[in-house]
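Everything below concerns the one structure shown next.
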Amino acid sequence: MAAIPTYKGAFGHAEAERLLWRAGFGPRRGQAASLARLGLDGAVRSLTHPPDERWIGPQPRDEKGRPLAPADAWGHDHLWWLDRMVRTSRPLVERMTLVWHDWFATSNSGVGSQKMMLAQNRLLRRHALGSFDRLLVSITANPAMLVWLSGTDNRKDAPNENYGRELMELFTLGEGNGYTENDVREQARTLTGWTSTWKRGKGQTDFRFDPKLHDTGMKTVFGRKGAFSWRDAVRLCVNHPQHAQFFVEKLWSYFVPEPPDARTRAGLEVLYRKNFEVKPVLDAVLRHPALYTGPRMVKPPVVYITGLLRGLNRGIDTSAWVWLSDGAGQRLFNPPNVAGWDDSRWLDTSAFRGRWNIANTALEKVTLGDRKGKKGPKVPNNPEAIVIEALTALGNPTIRPETHEVLLTFARDSLHGVTGWKAESYPPLVANAVRQLLAVSPDMQTC
Amino acid sequence: MTSRVVLGLALVFTIVPIATAATPPTARLQVSADEFTLALSRSSIRKGLAVVELVNYGEDDHDLALRRVGGTMTYRIGVVHPGQTGSLEARLRSGRFALWCTLADHRGRGMRATLDVRSSG
Amino acid sequence: MACCNEHSRSEIVRRGLAEAGRGLPAIEPGMPLPAGTGLDRRTFVARGVGLALAVYGGAALRPRAFDDGIAAAAAASPQQKVFVSIFLDGGADSLSLLAPTGDSLYPQFRPRLALAAGAGPAFTEDPRLTWHPSLSPLAQLHGEGKVNVIPGIGYDHPNQSHFTSRHFWEVGAADERLATGWLGRYLDRVGRPDNPLQGLSLDWSLQPSLATANMPVAAVDAPDRYDFWARGVWGEVSNRMVGTIAKLGALPTNGDPGLRAASEAAAQSARLYEQLAPFRPKDDRKSLVSPVAYPGGDDRFPRRLAGLAAMLAAGLPLRVVALSAAGRYDTHDNQAQGLSDDLKLTADSLLAFQRDLEARGLADRVLVHVWTEFGRRAKENGSGGTDHGAAGTGFLIGSQVSGQMIGEFPGLAKLDDHGNLRATSDFRGLYGSILEDWLGTDAAAIIPRARKFARPKILR
């Protein structure tokens, strides 16, 4: 695949940092430096071939010190996944699980069972770096998806087109890209046969394919005729000539904000077509120059939250993250609709305030100054030191010199000529404010 | 000089070890309400302190009552609007509990379930 | 987050968001006005919109509050017409809002819920109908020619899901996939890229009808609550900190779209914060007062309307505003009492808002539309309530409305196949009139297939 360019520049701290943000949830303290030492190939390989899963940091809990109950308590599903993002030793696996959650966006608002959503989440994680072909077969048969997109309501005497349409429009081909309304109807017939049983106290359960409920007649899909099965419905899509381009461009868009050039795209398509494996494509994207030299991306809210916590060395210890995340526009397991979150619209005046609140809460354990019965350390009346300390506190993120200068000017102006009691009490206020401003700066909202 | 200052400040960020909660584990149960079903996140829980939640996934209001079969005490979660959640915390004795929605004719239309509260395990 | 009995999820979310902003005291009627400006109420009320802006600029606010965007927007159109969309959430019952006491089928369909003929004010435009007693304030405004009653509004092939039908109303089309709101598309066409207040959602999240493709819009729970607070920061350091947000947002982005998006969000938020400065309490003093009394209590609806009137009086460049009314209207059971309380609070607040605008000399600039996603089934159910129906009732309120009924009461003899009222006017036609006659824009550019829907006369 010599056709796909590879990044040839220096792979230093900044590049490692960007890679950790795009392919994970940002660096833990010191992690960017240690990743940089591996060089580009080694760094990418450490993500695509991660070690066994282990958890780094304290066990998650709610604000009462109780363990999480992801299937049994409101919001704990969200906290449970945030904790994985914060503590995982396999960030790319977790990030790809988030990509698939967005790609096959299923909302608990329509499923009505955290347990089923968590089962789907396990499915997505199992296939995170695997084969898209197998992922698509599995998700088609997934109970949460069968409920969400009416798979169990799709009967041969009354076909429901919901899943058949999204399978092509959102999952494999793109709207109107190589299929007709007739294909939608025929795919709906092809996908008939799924059913479940309703049990008192359990709701929908025992999801299964019942051949008796399947429309065994001849169907015509993409101009091909056959007595297709539901697995054929999936295979027809994956083997559709337009699919590889759709897949490659969509996957790319999660990691690089500008579309790939024609040569890159063609190269990625060739890689993907071999056997629909995700990992080789991902490997090429993560080594591509566009990832390191191209423009920045706005961090999704959950990436922003978990990245702050990783930088601060803090675990999940409050369920405030559920509403804080919601307030910034991203509640896990509840995407806004079947098309997932809109990555171009993460920020508005309300979401910015949401992120301000996130930063404020992330920093709450390290607030300087008057603390009940505890005297914090003395903060020197020294603007330069205060800004450098704020960077240290947040895990040493790379910021623009201009941003550094704005923070420094703020600290200088705030401390300029203060005397008397202010000389004593203002430095910690300024230090707290600098950290807050740094955390919401455009530099830290993007990666 | 600057670096010494930074070092001094960095001490602030030593993470305070989190005290492990000494309280006995709390059982948790989520009940999903829809028209007209109640679905439990598990069919049995341990006796003792329990947090029970009612999540309304439907389009109408619902509430929840719990009573141990043979018991006299009825635990309640008041009306929960669509898309919202209510909860109660109670110390439950072992036995079989009936759960139902008390609004209108919802119970008769299917909004009822049973829960086993185990004495051990 | 304390896990208390019966706390709803959205209450928790709202409380959390409010606390994050320090839970500032809300606007209440009777507060001294306008705090910090040195003006008494009389002066304030007497001043015109443009002057009020200058007064605020000269006294209470730092000069940068009137940065180019706001000043330009306000100066370009100081008499900008304002449209306010108020949503009755849950599907309000048409046959209670205006009870067909003169329809012989009414007592048969509503053996328990039917209102008596003299229960409320008579509706003067149709002798068959009686106002719900809780809507007496609207009957009063109707008597003054300030209300257009829309007694049977909906659309063909009505959908009886709250979410779907509400979505149709919000996007201005029977299209489940349309993602921008009808008011959002209006702003995309006429709005400015530097004025988030042009589309204001008085809610903790954006009202979907305001969702734009490009233009900035704002969501504030209440105008006095859009604050940036940080732990361990106060006083002049806090003020300077918030001022620094704008500086971070103004840094060059060198053509990087990601950085630009983040910078614009910071800059717009800083701008909105300045725009709302007059409404933040200062030195523990309440910052707003209304020239009339609004209903008291905990409900946010009257406070939001009071805040809205004050924002308009301060000359803030609002164009379209959306919020939800007091109460919930999904009355499947025990309808009589709950509906009566919710309607009363809503109607009392609407009357206070109209009187407030009149007292401030703003009434000719504001048009209020009250809507609901559908009406309810003609026959009551077995639980003392009613189930989801089709055509609903709406109102247009303002000093400029024609005061004439739009469409007509469809009658109980000609229900649709599901036993629901048939629509005699279409919400898309009404939107067309609002866009063309009030907001002065081409409806065809906003509402899909706009020409298909007859446009009612709505103004004098």
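Here the chain labels run A, B and C in written order, and each chain numbers its own residues starting at 1.
Following the convention adopted for this analysis, a contact is a pair of C-beta atoms (placed from the backbone, for glycine too) under 8 Å apart; a residue touches a chain by one contact, two chains touch by 3 or more.
These numbers were taken from a predicted model, which means no experiment stands behind them.
Enquirer: Does A-C or A-B have more contacting C-beta pairs?
Expert: It is A-C, judged by the count of C-beta pairs in contact.
Enquirer: By mean C-alpha position, what chain is farthest away from chain B?
Expert: Relative to chain B, the chain whose C-alpha centre sits farthest away is C.
Enquirer: Using CA atom averages as chain centres, what separation in Å is found between chain A and chain C?
Expert: 35
Enquirer: Where the centres are mean C-alpha positions, what is the separation of chain A from chain B, in Å?
Expert: Those two chain centres are 28 Å apart.
Enquirer: Would you give the residues of chain B that are in contact with at least 2 other chains, written as numbers and ranges?
Expert: Residues 51, 55, 83, 85, 87.
Enquirer: Hey, what residues on chain A touch two or more of the other chains?
Expert: 64, 74, 368 - these are the residues of chain A that touch more than one other chain.
Enquirer: Please output the residue numbers of chain C that touch at least 2 other chains, ranges allowed.
Expert: In chain C, the residues touching two or more other chains are 3, 9, 12.
Enquirer: Chain B touches which residues of chain A in the complex?
Expert: Residues of chain A touching chain B: 58, 61, 64-67, 69, 71-74, 109, 112-115, 198, 200-204, 312-315, 317, 365-366, 368, 376-380, 382, 384-385, 388-389, 392-393, 431.
Enquirer: Using the touch definition up top, name the residues of chain C that touch chain A in the complex.
Expert: 1, 3, 9, 12-13, 16-17, 20-21, 196, 204-206, 216-220, 226, 228-238, 240-241, 244-245, 247-249, 251-253, 255-259, 261-266, 268-269, 272
Enquirer: Help me check something: in the complex, which residues belonging to chain B touch chain A?
Expert: 2, 5-6, 8-13, 15-16, 18-21, 23, 25-26, 28-30, 32, 34, 37-43, 51, 53, 55, 57, 83, 85, 87, 99, 110, 112-115
Enquirer: In the complex of these two chains, what residues of chain B are touching chain C?
Expert: On the chain B side, the touching residues are 51, 55, 59-61, 77-78, 80-89, 103-105.
Enquirer: Sort out for me which residues of chain A touch chain C in the complex.
Expert: That would be residues 63-64, 74, 257, 295-298, 318-320, 322-324, 326-327, 344, 346-353, 356-357, 360-361, 363-364, 367-370, 400, 402-403, 406-407, 409-410, 413-414, 426, 428-430, 432-433, 436-437, 440-443, 445-446 of chain A.
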